[in-house]
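As structure tokens, the structure follows; a few thoughts come after it.
A, B, C and D label the chains in the order they appear, each numbered from 1.
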Amino acid sequence: MSTEETNLKKIQVQRYEPESDPDQHYLNEETGIWAWLTTVDHKKIGLMYLASVTFFFFVGGIMALLVRTELWTPAKTFIEANTYNQIFTLHGAIMVFLFLVPSVPAALGNFFLPLQLGAKDVAFPRLNLLSYYLYVAGALIAIVSIVNGGIDTGWTFYTPYSSTTGGAVTTMVFGVFVIGFSSILTGVNFITTIHKMRAPGLSWDKLSLFSWSLYATSIIQILATPVLAITLALVGLERLLGIGIFDPALGGDPVLFQHFFWFYSHPAVYIMIVPGFGIVSEVITTFSKKHIFGYWAIALSSLAIAFIGFLVWGHHMFVSGQASLASMVFSFLTFLVGIPTGIKMFNWTATLYKGSIKLASPLLYIFGFFFLFLVGGLTGIVLGSIALNVHLHDTYYVVAHFHFVMVGGMVMAFLAGVHYWWPKMTGRLYNETLAKIACGIIFVGFNVTFLPQFVMGSLGMPRRYFNYIEQFQVYHQISTIGSYILGIGFVMIFYYLVKSIYTGEKASPNPWGSRALEWQVNSLPPLHNFHHTPVIINGPYDYHKPMDEFQLGLAESGNGHGTEVDVSSTEEKPQAE
Amino acid sequence: MDALNDLLLPPAKSTLAHQTDTLFWFVHLSGLVLTIGLIGVLIYFVIKYRRESEDEVTPLITHNNKLEVTWSVIPLIMVLIVFGWGYQVFMEQRVAPDDAYEVNVTGQKWIWQFTYENGARTNGELHVPAGRPVKLIMNSSDVIHSFYVPDYRIKQDVLPGRYTEVWFNAPEPGESIVFCTEYCGTSHSDMTAKVIVHEEGEFENWLADNAGGGGMPEDLAPAEWGEQLAQEWACSTCHSADGSDMTGPTWQGLFGHEVQLSDGSTVTADENYIRESILEPGAKVVDGYPNVMNTYQGQLNDEQINAIIEYIKTLK
Amino acid sequence: MSGHHISTDKTLLGVAGGLLVLTVLTVVVHYLHLPDPWSIIVAMGIATFKAMLVALFFMNLYWDKRFNLMLFGTSIVFLALLVGLTLLDTLFRVDVLPSF
Amino acid sequence: MANHSTSSHSRYLQHHFVDAEQQFDAAKMGMWVFLVTEILFFGGLFAAYIVYRLWYPELFVMASEELNTLWGGVNTVVLIGSSLTVAMAIKSAQLNQKRNIAINLGITLALAAIFMVIKYFEWTHKFHLGIFPGEFYAYEGIDHPKANVFFSLYYLMTGLHGLHVIIGIGLMIWLLVRSVKGHFDSEYYTPVEITGLYWHLVDIIWIFLFPLFYLID
């Protein structure tokens, strides 16, 4: 037992070592289906989200394969135009609203944010469960709309097409509205959690970059999502009551819809990608055993992206008929958002300098992310330039661009995160060789799928086309072949990860030798994460300090809440009891 | 360079297309240099600093403000160049010269219609003179469409309830394809058209021949003209002539037969019924088909409607 | 729970009284029919002032943690961005009309 | 989990908080973050309002004549009164005057109900004239092609606000029941405090809706 004197508050600290394969952990302290369905444990909710987003990823993926297969030949290959239009709409809507937006924040974020903060749970555990059920409810409503007539508007719901076409658009926008509230509540929860639930000693400069990225993401979620909600409500009411805000036939303005829609949907791109940035920072430092380079540059650039991301939505509308003045301002601001993103890329590269780099599978996925996201980002610069955008807008160039960012960037980062944290979530190790092979397959498959799309896009192939002119067939066929390779890669990952749960080797609490807080608890973690409130002494990237300094301290008396505990400046006397 | 251009870009057939292309290559090549550079450094680090033992200790390097400023400011300058350049080219594309020749464009599911100053009308074919700026004043009669000519590097959404404008100058006679690039439903991908660029004198002749628009060509029988009109006005996008099921009911075996309507009643498909269906498509909707057809009131004249009916009569 | 600000009756009633007076004032100004830009400016000015009174004294932002005030301010800033950037389009559109 | 807290052990302290102070701060901040989302939720409609008002100023002047300034003003006063009583309820809780909490909440509830009753009469009067939202608009009295858009905005904004008042009424009933049961005192009044914040925001929104719809000239 030792005592740490600080000028602020007296805290007694005792160290303990994490166990692997503990008798009691979050999966066996409460058991049974009812315990799962009513759990307020952020880890179980995170796992339920993980299972759900994985399910919808595969559903959306099957839609993608159907779309690609149909495009093997011009006009009808095996499905009708109307069916094709519904399938690409569902592919987009499912991937965006049911997979990309909740994937990292709600699944991995839920699981690891409280662990990284040294908290027992998020600030509002019941609200967290409500978020999950709203997500499920929204998904069910969306499924009802598919069964009940389907929708063919594209995921962007542009008016007046969406307010006049047949099908179950009203049901679908209601489903997205509900999912939006799920997203908002997660954002509210995370912001409060990061502010109020940090363990003593965990000052802002010791906050993990993953937590910083979730903080930036949550800000976007709470500021942007409500505008989407009201906009979709207006579309629904336009169909039900003829409220004429957007439909010119009723006196409205369709371009106004686009403003409101993109006010959400452009920042939403950052809801999808910024948490991925957080994972990159965690994985790069862990597998290079190196302190992050430019901690503040990376942390603050996330906030900068979140802010500037709100100012650029009009770059989706350069040819929509908006005023040239607006196009100029939006184009200018669009280029500014490239700067903080570039800063991140450079800082990550610099982190590797003089590191001790181990090419384990999570890092391989991150390197995949690096190349693909770089291409995605730079083609974003191309599209931000108004003159080029006029030519490329709504062509396959745009399709390829956002798939490079969303799949090449975000999905690769998500997979890196899943592989990185898998041992902590499940207590098992997966087959590393298979993981590396799958990573390679996905990287190759991805490029075969989407590089040809850049080419046909700049040659003039418009998106959302069921039929196309002969000239583009070769590119479509290469792309289709690539999509099958990509599909095989994802199925393979699913196979070896699920297999590891049953037959995988038991994981030690910290198999990668990480300094981050979540690795200092048992594998599997206890139900309430920490048996005692931990006191944070070192930063999560202090790889220059020996591992044993990172063992958790516990606050023996005095809980430390509400104080800035300056433990790092006091002398430590770790002692066994 | 030209070979490279053909690989990634369609032929440049307007006076301004080359400006877009130069910028296109500038941004792509600078991007390529950056990608190769950054990935090269990454690969170099991975090889040079690969982990040799688990006990390795790495140095503490937390940040370097000079580097941060460098890699913020240089990209900033680069993107500002791209911004300014892009904006300048855009403004040239945007502002039509005062002497531009005007053609009116109507987008409608799923057909492009063009009207000329002397009343000539075409569907799916835009005839313009070579070497003269042409200004299109565009409007949609249903949902948003977008007028895109890859060869000219121009694109502009076509909105209901408002006019938008786009212009180009094609110096050489020839043909270019027009796509609709704003998703507009079932046959969105078939909503294409052709720009046909004539020599100046030839264009004047063409225009004079088509003045007023819409008379029956002398060399055609009414049913033949009807067939031609059905193609031109994109009727055949939704109504087949061979019995196959499309967005709308087939025309084969339609005339003189009973039709089951969505309100449960039946009607005989005679001249009056077909005329009404063309002018007021929502009045009697055939059972099992969506009520999506637009009215052709004020677009097709009586003579044309009669010709189409004659054509339908031949589809037994 | 010490440290929470407890408002006095005097403050609360005073603020409510102020709000009532301002409500009457804004209606009176309405019937004065001020020249064009001023009527909306005065009406919005009074409304903003009333909203500030409610936020600062009823919602306790005057005494509360500064972060909550910042949150409130942030929402206003982003609302202004939504409106402002949208107006950049809607107010500056050039109408084109066909000449025949 | 013996030692996670040494300070006050409120009955309502949840396990994952170390003390009641942290729980209160978190709840209050969470509510503020939620209010931010509410402001932007209404913000979409305010943005639409501003766009249309700047496009068709004459329409807004004409159409606003149909709205009754007196009843709009009365409703403003009613909501300000209810905000006052909510603030009084919180103060009563802080001073441990348990009876006054319930009394003030009761008055708030009554005022909220009055607000909704007035709204009901305003709306039904308009329906009577044929002023319906959207495509059902059938009033001849305003000579402007976009008159339906103004009233669509009117119904949307006052309707969404009214929906918030109804949700507020539900919350007030819940608080009233709990306060009668004696759940709130100076140690624990978080639900009263954060519901109060919500209620004041509803008031603030009305403070803007009133001049934007009723006082146009």
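Everything below uses one rule, namely that a residue touches a chain if its C-beta (ideal position, glycine included) is under 8 Å from a C-beta of that chain, and two chains touch if they have at least 3 such contacts.
Since we're looking at a predicted model, the values are computed, not measured.
Contacts with subunit B and subunit C are shared by A. Contacts with subunit A and subunit D are shared by C.
Across every pairing of chains, the maximum count of C-beta contacts belongs to A-B. Averaged C-alpha coordinates give centres for subunit C and subunit D that are 15 Å from one another. If you average the Cα atoms of subunit A and of subunit B, the two centres end up 35 Å apart. Note on chain placement: the centre of subunit B and the centre of subunit D lie 48 Å apart, centres being C-alpha means. Multi-chain contact residues of subunit B (touching two or more other chains) are listed as 164.
For subunit C, residues touching at least two other chains, in rising order: 67, 74-75, 78, 82, 86, 90-91. For subunit A, the set of residues touching two or more other chains reads 195, 223, 227, 253, 255-256, 260, 321, 324.
Pairwise chain contacts present here: A-B, A-C, A-D, B-C, C-D [touch as defined]. Here subunit A touches subunit C in the complex through residues 195, 223, 227, 253, 255-256, 259-260, 263, 310-311, 313-314, 317, 321-326, 329-330, going by the rule given at the top. Interface residues of subunit D facing subunit A in the complex, by the touch rule stated above, are 1, 3-7, 14-16, 18-19, 21-22, 25-27, 29-30, 33-34, 36-38, 40-45, 47-48, 51, 133-136, 145-146, 148-149, 152-153, 155-156.
In the complex of the two chains, the subunit D residues touching subunit C come out as 8, 20-21, 24-25, 28-29, 32-33, 35-36, 39-40, 43-44, 46-47, 50-51, 54-55, 69, 73, 76-77, 80-81, 83-84, 86-88, 91, 94-95, 186-187, 196-197, 200-201, 203-204, 207-208, 210-211, 215-217. Every residue of subunit A that touches subunit D in the complex is listed here, in rising order: 119-125, 127, 184, 187-189, 191-193, 195-197, 222-227, 229-231, 234, 237-238, 241-245, 250-253, 256, 260, 528, 531-533, 554-562.
Interface residues of subunit B facing subunit A in the complex, by the touch rule stated above, are 7-10, 19-20, 23-24, 27-28, 31, 34-35, 38-39, 41-42, 45-46, 49-52, 54, 56-64, 67-68, 71-72, 75-76, 79-80, 82-83, 85-91, 93-94, 142-144, 146, 148, 150-151, 153-157, 159-162, 164, 177, 179-190, 247, 290, 292.
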